[in-house]
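Next come two complexes, and both contain subunit A; in the first it sits with subunit B, in the second with subunit C.
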Partner chain A sequence: MTRTIDKENTKIAAAKKMRDIMTTYYLDALSASENNRQVAWITSGGPVEPLVAMDIIPVYPENHGAMIGSAKMGEDLCSKAEEMGYSTDLCAYARADIGCSVAKGGPIGGLPKPDMLICCNNICGTVLKWYEVQARYYGVPLFILDTPVCHTGFFPETAAYVKAQITEYIGFLETATRRKMDMDRMNQVGHLSLEGQKLWQQVLRTTAHKPSPMSAFDAFFFLALIVTLRGTTTAVDFYRELIAEMNDRIAKGISVVPDEQYRLLWDNLPVWHRLKWLSKKFSNHRACLVADTYTSAWCGAIQYIDPDNFLDSIAQAYTRIYLNIGIDQMADQVLDMIQFYDVNGLVMHSNRSCKPYSFGQMDIMRIVQKKAGIPVLMLEADMVDPRSFSESQMETRIDAFMEIILQRGATGRGGQ
Partner chain B sequence: MKELAPMKELMPFYQAVDNPAALGRSITHKKVIGTLCSYAPEELIYAAGFHPMRLFASKKEIHLAHNHLQTYCCSVVRGVLEDSLSGHLDFLHGAVFPHTCDSMQRLSDIWRLKGRYPFFADVILPAKMNTPSANAYMAAVLTRFKTDLEADAGITITQQALADAVHLYNRIRSTLSSIYAHKSKYPASLTNRDIHALVKGSMLMDRQQAADLLDKVVRRLASADPAADHARTWGTKRLILSGSVCDMPALYDLFQDTGAAVVGDDLCTGSRWFEGLTDEDDEPIAAITRRYARRMVCPAKHQGLHTRAAHLVEKAQSLKADGVVFVLLKFCDPHAFDYPYIKAFLDDAGIRSLVLELDDSQDSLGQLATRIETFIHMI
Partner chain C sequence: MIYAGIDIGSITAKAALIEDNRLLATHTVFTGYNPAAAGRQVFDELLMQTGISAGAVKKVVATGYGRASVEFAHKTLTEIICHGAGAHFLNTGVRGVIDVGGQDSKAILLDAQGHVENFAMNDKCAAGTGRFLEVMAQALQIPLDQMGEISLGAENPVKISSICTVFAESEVISMIARQKDRRDIAAGIHRSAALRVASLAGKIHLAPPVVMTGGVAKNKGMLQALEDYLGYGIKVGAVPQENGAVGAAVLAAGT
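Moving on to the complex of A and B:
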């Protein structure tokens, strides 16, 4: 049932709008001081809503790291940090950011100087160390939101501790801005944040349709808004349009991978410096990476959020995110995704940069093989630093993996 | 210095260090609980009637751990997992995982899913050590751990048992501190390797026995003729080690052979384990919490932006160290992040330093010897 579709038609129109929004956002952030606005650097898993409510511009070094990776500037900036004494084995986001702060280089000439730093360790211990480095470098206050890892559960003492810190966080922002938090505004932002996350989830779920109207590679791109502009109408409006476009594509039978035959799930961060190459590689095999564990983390805690009691509920929502739970619970979520998106295989990126995401992957792999019975491919790479990437090796491994998938046929799916 | 045989009081420590698994198997009057870092609340384990035993990688060849951990994992985490999977640690009743770094966090998951031992506990400590809410949380976590231990042991840990454990640990800590002080004052009175054996041995052997033996070592040192020791210190360079786990006796020997005495450290397998006493006249959980809050942090914990560097500079100055050697394990993120700023602090204070990036399992230190010798001759 091959359909030939005009190549131009397969492009997602909203991409241009998204680029414009991000450009405006970065221009605003870069000119913040001229406009008497404060800038907070915040980790990607951190609660941004209080910043938005207090009119502080949130800036995400990790998003910047992804841009550095995509612009293939990772090696250069990482080396800069290595010259400063930072080990090559550290997370490349951190290395690139530390290098960039000193070199003022990178795709947008460096990030705007922070007035404060907000570090939430729900994604890793790296961010704690990285933000300490930046707090020393920029000489600005650092707030640490400590979200104890939930190996097996979320305990009352954890809830009390994180709740207490949310209050401390608001106090920290009030001191930094010398303004009181406007609770009505906070509530509004909370509602918008939840709405944005629900819409993001809907965007991601459109790929359950066969053929899939977009791929994980598109999700990696469209993710930026739910990360950086969560809690704003900009994000909400944009994702509404994106969903409409996806539904339209579904109605017209437009697939992102021409003649999609196989559906795959991706695990871990993207390989930012090889997105095009990887996307083409899989699509040549008529395989679509329909979903991933990474972008879904920004809508994975919706169940815990109470929009009418937002600040209290985010203590739990920000603590029980994908990376901050035990690997058995992570495996359960992977199995759910395998079922929901009805995939033929799992591609795991063993990411040298990210230890909490990558250690335990081999155990998750075995759980998946056993419970879902689908093939799993493990690719060794790094999200930003190209030095550990071997194109020929990767090519051989992907080809061999796709051979197995092909032999099993399109019916060999996890969802069946 | 090298040709001196260790004093006889040290022999039990050397025996413990030589074969921790044999020691573990020989402890039959108590169930053994493995601990993985200096944040393991050992007083609670001890008070519950268990024997807390620090786990070190036995440095056997890695076969099984490769199925669980990628190549970019530190040798401590990989080595301990290998030991567990290969049955080398089958004498354990269980293990406890305090939350520290990302690698340990995932080792805990992998270990739990393997389910090889009856007892397992996470002690999910706060990452911050310097706020009242973090300290309150820490006390709650310790209380939960106490309950976990009680449930497994089928007993109630009395306040008296806890107080006794605290007292015993304070004895070990203060004797180790005074032994370190003695070594710093009379660097030839003990070899570098003796220091390693004393600390590591104390983490392994029966704690009552360790406390008694350490007392004997202190008495023996006190009775030695300081003048003789002093004469033998002539020309010795004074070093401080900084890092996580330093379980390489050969490295201590290498310093010794080059004429350098290790007069202090900031190691997880050194001062960070024994520095600071627990208040004995306070409620034990509160007192243990307070000790952790006051103790020098490991870099996986936060206690201010300059705490570790300021501490190391102060230590180097007060011990009149000629240099600091960073013994960093490959792939150890928390220490690698702190190294550049701590080095800068040392530079500013005019203290020379050398960084060694090591693999815990590496036997041959050949390539390092030249760098170490050059450094020691230069300082």
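Moving on to the complex of A and C:
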């Protein structure tokens, strides 16, 4: 049966509100010094809640990197860093951020100057040197939170080591702000953070419905709030509305991909500069990328958070994130998602920029093929740098992958 | 019922006709700068050669990088699925295909029904493709179609360490300057290209029986180097270069 799809109806209304919230957030950050507020740059996986509790505005170079990628400004800014002597092998977020600091360019004219830098290495090792470079460039203090890899488990020594650093972190903030941390406020922010993460999880889980009311491409967009405004009522209120809209779409049978036939899982960061192209490419095959391992990382450690003992519990929660665990555990999570979202195939973005995310993908690919029996596609690209993207090669791989899924029949399952 | 497959590659355009599960004929022309015209030409010439009228062809499937430019095709499919179908059609027991064409090389894993289980392709790099060999043949000043034979006489194949085609060419030129034996250089070139292709096969755990397709399958030096790396024999059919077009015709019949 062919159904006429009203394009306006398939649009997600909350997107406008989200843009407004992000604009306000960046305006606040850019005018922070005029309002006697401090700005901290923080890595995407870093514990932001103490900053929010101390009324410091957190700014994310990685979120900015995603904006640079989406605005297709990655090549220019990365080239700028390369001119300065940085290798093309370095992460494009780092290159774009360093290039942007010097060029004062980018989609919002550069990030506000930081008063301090907070670097947590739970996502990668690159951030250490990247933040050291920026600390020297801006002449501001840097706090490093070292979260040991937990490839084989989480041990009491690790917990104690990270907990001690969380205490140092609070001390660092108190010195930087010359104020004492208000523990009641910290407690409140902790509750809001957990609530926000739970709501984000609910948003993502709405796509288990067939047809899916939104796609991973929408999740890549709506992710910004749980990253940047985690621990605030803004994020909590927004995600409540978004869930309501998703449930409404489900009730009305509105799908994001017209006539959804195939459901796919995405692995790794998005290709920010090609979101529209990729979304259209899969949509033309009537395939919906219903979920991804990337956006779900911001609700993947909920089980370790204790809202009544927040600061102690985040030592574990921030250490046991997706990129800091072992390949076997990552594969288990991917397998769980394959089952929960009932997907026909896995699309893996081998991301030239992100080594910790891309290293091990071949193993996960083999585990998935063996245990879930679904086809897996490996796409080689970069999240920000368009020079690592070849459209015709990408097209052939995606077309071939969809042909394989079609050849396998409705379920796409090979069955091993 | 007659079905046709058209494969527009970066260097050559191929066409194949099949009737009742039997390969009738194939034909190849250079693609040149106009893939649409090459598609038309290769099809028209094949029809003329076989005396079959266009009206007798029930369906046409186009494949290859220029597949979208074949306006008279009923459907387009990627070369991955077509090479798999072609190899299975010409040799039903085949479980793996190594296709090395002008601008890409790929390894394809097939199930018992000839369906593609998995594939791996070269990424944004010409090393390990026909284009790489073409550049090297030029540097060595030997005709491309003789390079395979020449390399078979090598006694001490040289080692080409560069991964990149452009740098590898400089390396070859410096070896010519040092008056290295041409046969040894040609063999070294094949080994270098074969290593890239073998790693694709390894990535998806290709296992015999494997066939090699694409224009480069006609190069005996490359075939031997690949067999050496992989440690098993590789079959080459009668029409390796046209295998993708044959597969396209097979899939035209199947849809």
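Keep in mind that, in the parts below, the second predicted complex is superposed on the first by the 410 of 416 C-alpha atoms of A that agree within 3 Å, B and C clash if a C-alpha of one lies under 4 Å from a C-alpha of the other, contacts with A are read in each partner's own complex, and residues count from 1 in each chain.
Note that a contact is a pair of C-beta atoms (placed from the backbone, for glycine too) under 8 Å apart; a residue touches a chain by one contact, two chains touch by 3 or more.
Small disclaimer: the values here were computed from a predicted structure and weren't measured.
K.L.:
Examine A:Tyr161 and indicate which partner it touches, taking first as subunit B and second as subunit C; both and neither are also allowed.
P.N.:
first
K.L.:
Just checking: does A:Asp399 make contact with subunit B only, subunit C only, both, or neither of them? Give me first, second, both or neither.
P.N.:
Only subunit C is touched by A:Asp399; subunit B is not.
K.L.:
Who does A:Asp328 touch here: subunit B (first), subunit C (second), both, or neither?
P.N.:
first
K.L.:
Specify the partner with more touching residues on subunit A, choosing between subunit B and subunit C.
P.N.:
B
K.L.:
For A:Leu192, using the defined touch cut-off, is the partner it touches subunit B, subunit C, both, or neither? Pick first, second, both or neither.
P.N.:
The answer is neither, since A:Leu192 touches no partner chain.
K.L.:
Once the shared chain is lined up, is A:Met362 touching subunit B (first), subunit C (second), both, or neither of them?
P.N.:
both
K.L.:
Classify the contacts of A:Ala297 with the two partner chains as first (subunit B alone), second (subunit C alone), both, or neither.
P.N.:
A:Ala297: touches no partner chain.
K.L.:
Under the contact definition given at the top, report the residues of subunit A touching subunit B in one complex and subunit C in the other.
P.N.:
Looking at subunit A, the two contact sets intersect at 362, 380.
K.L.:
Flag every residue of subunit B that touches subunit A in the complex, lowest number first.
P.N.:
67-70, 72-73, 99-103, 105-110, 112-113, 122, 124-128, 131, 133-134, 136-137, 140-141, 144, 299-300, 302, 305-306, 328, 330-331, 333-334, 336-341, 343, 357
K.L.:
Which subunit C residues qualify as touching subunit A in the complex?
P.N.:
Going by the criterion above, the answer is residues 65, 77-81, 104, 111, 115-121, 123-124, 203.
K.L.:
So in the complex, which bits of subunit A are touching subunit C?
P.N.:
362, 369, 375-376, 378, 380, 388, 390, 392-393, 396-397, 399-400, 403-404, 407-408, 414
K.L.:
Along subunit A, where are the residues that touch subunit B in the complex?
P.N.:
Those in contact with subunit B are residues 84-87, 89-91, 94, 121, 124-126, 128-130, 132-133, 135-136, 142, 144, 146, 148-149, 151-152, 155, 157-158, 160-161, 164-165, 168, 326-328, 350, 352, 355-356, 358-363, 380.
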